[in-house]
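Please go over the structures that come below.
Next come two complexes built around chain A: one with chain B, the other with chain C.
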Partner chain A sequence: MNAVPLTKSKGRGCLGRRGSPPSSLHRRHTRQGLAFILPCFVLLGLVLGFPMVVAFVNSFTPLWSRGLSGFTIDYYRRLLQDPIFLNSLVRTVYFVGATVALHLVLGLGMALVLNSAIRARRLFRIVALLPWTVPDVVAGLVWGWMYDPLSGILNDALLRLGVIASPIEWLATPSLVMPSVILADVWRGYPFVMLVLLAGLQAIPKEEYEAAKVDGANAFQEFFHVTLPHLGRMIAIATILDVIWQARRFGLIWVMTEGGPARSTEILSVLAYRQYFKFFNFEYASAMAVVLALILVVVGLPYVRAVARRA
Partner chain B sequence: MNRTLARLITYGFLAVMVVFNLVPFFWMLSTSLKTGPEAYAIPPTWWPLNPTLYEGYGKVLLWTNFPRYFLNSLVVSLGAALLSTAVGALAGYGFSRFFFRGRTFLIGVLLASQMLPGVLLVGPYFKMLARIGLYNSYLGLIAAFTTLTLPFSAWMLKGFVDTVPHELDEAALIDGCCRRQAFLRVVLPLITPGMVATLIFAFLLAWGDLLWVLCLTSTDSMATVTLGLSRLVTQFRVLWPQLMAGSVIAVFPPMILYLILQKYLVQGLTGGAVKG
Partner chain C sequence: MKSRWCRVVGIVALMCALVAPAATAQRVKIVLSNWHLVEPHWEKSIKEAVAEFMVRYPNIEVVLDYVSYAEKETKYMTAIEAGVGPDVMHLGPAEISFGLFATRGYFRDLTPFIQAEAAGFLDAWYPGVVDALSHEGKVYGLGNNYQAMVLMWNKRLFAEAGLDPERPPQTWEELLDYAKKLTRDRDGDGRIDTWGLGMVGRVDPGFQLRFTPILFGFGATYLSADYRCAAINTAAAKEAVKFFVDLFVTHGVVPPGVTDMTPGKVREQFAAEKIAMKITSAWGPPIVKSIRPDVDWDNIIGIAPVPVKAGTNPEIRTTAFLSYYAMNRNTKNPKESWELLKFLTSKEAQEKWFRDARVLSARRDVSQQYQLILDDPYAKVIGAELSRAAMVPMIPEWPQIIEAINVAVQKGLLGQPVDPAWRDAYLQINDILAGRRRAGERCPAY
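Then we have the complex of A and B:
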């Protein structure tokens, strides 16, 4: 009856099995499927694939130069000896590591609170989500203004509370600027992790908690033996996606500090942008971006594999 | 005793987080209602002494190019969102209904393309668009934003097509529809809510971008809201009431849309790993 397999369970049975001779049915099916996805991949190749290749080529040779004689790996060799690049790489790891860790801690905390029996849960859920709806550029602007040494709300509050004796230059002090930027980013970024983990929490079967209670588990044992194991997958997904987004972060840092003062917030995306569009070191900037892209693809690969196989 | 402590910790944490979440919004709104001199008062006033709409909202809308930025953001974000939703719906159907060889690989490519950082692509875009005369144009920006929105849209729409029982298209095929009709007449109407959600998320993805617009436009008349606001900051005298009023206006549409559509978001981004 069902000539054309339509679902995974049925589909796997009669086609796609490696080594089996392709039937005419299989060929027709493949052709139809490809016809539907073709526009997407043609467009993707045009707007994304081609520029990606150009960027890769550009990291070895100036663009639109004739022949292969100009090819050199010097730009990559230079990267390895360039303290500005290496420092920026370390700074990127610091920024991404700190923001993602804090997103996870606050996101998990907030998800647990919102999953417990509290009053006005829906209202608090909306309040918890609000910062994530703000474009990162705007988050950077608002926090930059809150950090204003004389007219900003943060120093004023800390002065009134007696925590500090004189105004602090949050964004002009090299040792304070990165934590300040990180705090602004954490404000904007943690609600997404919260949202994912909350969905994960709500999917845990209630019976497991009841079983744990019967076995006499306390709250901590419940958390470590029931909640965390169930959340593992969601935590992994949220972490990988967040690492990738954070490593690409640009707007927030650009409007707050432009990478300064004295490069103290110059993460790789800012450095590569500046090398390309301010100093016109096209090849060198491309090499930096390729390194960043490779790191991200490697980080993201487990997620891609796991999700694509299940799809 | 133990339960009281747990409740205390829960509500204490909640209270701290609510303050943390809301203070920036409070400061943004408060400043947007102040006059210029009051915004620079030392120490600052928390509530505006004489709240005024003109100094912030009036001036940013009348004296600056802000309405133009808003229009530009609208055009390019909507353009990219429409394009990627249309193409993404086709791909979503293809991936959901056909199990051809290389399918897993192509889905992997789609997902992996979301990992590429913008800084890798802006350089080549800048040079290529300049060559073909699309630098500083809507079309160039729409193409650029499509790199952000298309993989996301196609993936999200595949998830929505998955929720439509395949028996429905089978029935249509048996009744003599061809594939195209089964898709257009049976599946498409059923995933309309999903398409709207995808459209809006793609729109918001483009709306929040700064890097691409910074690199691919040169004139103020092509700037988007994010770029316009960031330029207002780097001018040597920052007019905070106007800037915060502009921020409020820039935040308002995404906030409403996100709150309406939040339940789709988790499914879309995590690949249906949880059903929210």
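Then we have the complex of A and C:
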């Protein structure tokens, strides 16, 4: 009675054998499966889908006050002429590019170290993961205190060591503020990439390294000819996900600088938040959010395709 | 006998059981949201007042809603748009929220309730406050805290720098002179560790309260009288912003990191005696005392009117912080909410706020008549300065306007030329106000 021939449909969804019509049992199982995931779909639709639709509609019309009759593309036209928005877009690219690149470099480096046969490897793995457990806002507060020109630990240490003669204004110097924020974010964000790549490293067959050694490959050659090719897919996935998350980064920057000074760290998420929640420009902020979302959809498509193909 | 007693007790119990749910059912629950609740001394004071209110109005139960100062507008806006939110809200500074909330219809009109009160109900408040909290002829808020921005100085640091500790600067020029003397190395390690003045430079509601006294003190203003154009293109406004920026850039009398300074950080600097002067109001001394309770601040802190430009005596030389209570448009219990709102802004409650938190009231019959205020060395200065204080425009565009000003000042503080940044702000503000101008109407050139 319980002998359901699930193996028949292996790799072919509910169709069973290619070309053959699905049996009634399969159809029933499919319906049951769909019924089980339906609440999740409904919940996601309400939590994610509804705000997305509202933001999208709002970006074309002041939905709540004028309804759909007030359709206009003025907010998008305004975006193209708004130097604050355009500069913010460029700043977002800079922030995302720098943080993702550094997350990758640091994450890969740490993953390689934690994958090697070092002592107390488990302990180091936990310690290396800790920054990821710190909420955005808390990380921003802690780094903000460390950067404080008068009472911050960073200036204090540099002054005591004689490296600098007077305190550095980390968050109040245009050329330093973005790198300072990026450093804080890299500390908080690299463990995710590290974790993904560590999983990838552990999946590489040992035999390949042994074969490489037999062929006389040194450590660098092993890394470039064995490790990297195997990690390629994981690096791509980690990069795409990280780009999406970094482009939406808000709490850390808001707490540390609120986008300042003089907009030096005002990335799109901060600008949209200010427009929406501080100035109540709902429609304009929605247009910004839609543009950001469209960019991220384009970035995320390869990942979605890869996942879909695998499924 | 026993059975008769049992019967009596049974009847009483039955009556109680029948009456109690009816009494409970009549009790109306209303939510009061107040950012002050997160401060322990305020929390105690508000809870006491609310308990008193519930004794007087046994049919009303007040539920307290704690909210952060920085995010309260965001929280209320989101809730009200969703059709919910607290019944009664405490908002401030008024210029950040009132215009936006009133024009978007987030408040319930208080005019009918006021009209139902005794004639002259609003006469107890400063007329400027009533005007500020009115929109299109309707009253949407009742003034609560109202206090002029003043200068706070550290007498001990003044004495150490060879200045008369009882004589604060009278003019901005004198303030600069004092600040130079106060900026020095106190611990002898060869590095400056104390500065003359603390300033708020971050994009923050606190910036406006500290920058405006300088702008007004130089005889300038932000907008034209009809709010259709920016008015920061005057010589006085340009002189004021240059003075503000030069305090940091040219004279170095302000600690480093000014563009990242919030009011809280500047207070900490004052409490750590890293700065000798700052612009503040009635909340300043109590907070400084709470940061370092071991110091005898009563003999160290001085409060004086903000300086003016030398040789001038402007009628308006400072601005004021105004907070207010308003009723959510979504409230299902407007009558009960009005009772609470009226109670919280009553003479009796306002006097209590002063006793417990040293804040002045938007009511004239409190700030000008309450003996404790008149006898308090700080409060009497702050109260007297209200007559020389003006509010900034209560228009919905104000948050954007002050942000443009704030960013322009930040550019100056970062060492960029002030004039181009100020010009950008002028043009940006005129863009923001474009909707207020008639077709073809233009603002004066910069």
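Definition applied: the second predicted complex is superposed on the first by the 278 of 311 C-alpha atoms of A that agree within 3 Å, B and C clash if a C-alpha of one lies under 4 Å from a C-alpha of the other, contacts with A are read in each partner's own complex, and residues count from 1 in each chain.
Throughout what follows, a contact is a pair of C-beta atoms (placed from the backbone, for glycine too) under 8 Å apart; a residue touches a chain by one contact, two chains touch by 3 or more.
Because the structure is a prediction, the values reported are computed rather than measured.
> Clash or fit: chain B and chain C on chain A?
Clash - chain B and chain C, as placed by superposing on chain A, overlap.
> According to the stated criteria, A:169 is in contact with first (chain B), second (chain C), both, or neither; which is it?
Second partner only.
> Is A:145 touching anything from chain B or chain C once the two structures are fitted on A? First, second, both or neither.
first
> For A:81, is the partner it touches chain B (first), chain C (second), both, or none of the two (neither)?
neither
> Of the two partners chain B and chain C, indicate the one touching more residues belonging to chain A.
Touched residues of chain A are more numerous for B.
> Is A:300 touching the first partner chain B, the second partner chain C, both, or neither of them?
first
> On the A-aligned overlay, A:262 touches which partner chain: chain B = first, chain C = second, or both, or neither?
In the superposition, A:262 touches chain C alone.
> Examine A:279 and indicate which partner it touches, taking first as chain B and second as chain C; both and neither are also allowed.
second
> Could you give the residue numbers on chain A that contact chain B in one complex and chain C in the other?
150-151, 159, 258, 277
> Looking at the complex, which residues from chain B come into contact with chain A?
2, 6, 10-11, 13-14, 17-18, 20-25, 27-28, 31, 39-44, 46, 83, 87-88, 90-91, 93-95, 97-101, 103-128, 143-144, 146-147, 150-151, 154, 158, 166, 169-170, 173, 179, 183, 207-211, 214-215, 226, 229-230, 233-234, 240, 243-244, 247, 250-251, 254-255, 258-259, 262, 265-266, 269-271, 273-276
> Quick one: which bits of chain C touch chain A in the complex? Just the residue numbers, please.
It is residues 73-74, 77-78, 81, 100, 104, 191, 201-204, 255-260, 265, 269, 272, 274, 396, 399-400, 403, 407, 410-411, 413-414, 416 of chain C that touch chain A.
> Please name which positions on chain A make contact with chain C in the complex.
64, 148-151, 159, 166-167, 169, 171-174, 257-263, 274, 277-280
> Can you name the residues of chain A that touch chain B in the complex?
Those residues of chain A that touch chain B are 2, 4-8, 11-12, 15-16, 29-30, 32-37, 39-41, 43-44, 46-48, 51-52, 54-55, 58, 63, 106, 109-110, 113, 116, 118, 124, 126-139, 141-146, 150-153, 156, 159, 187, 195-196, 199-200, 202-203, 219, 233-234, 237-238, 241, 244, 247-248, 250-251, 254-255, 258, 268-269, 272-273, 276-277, 282, 285-286, 288-290, 292-293, 296-297, 299-301, 303-305, 307-311.
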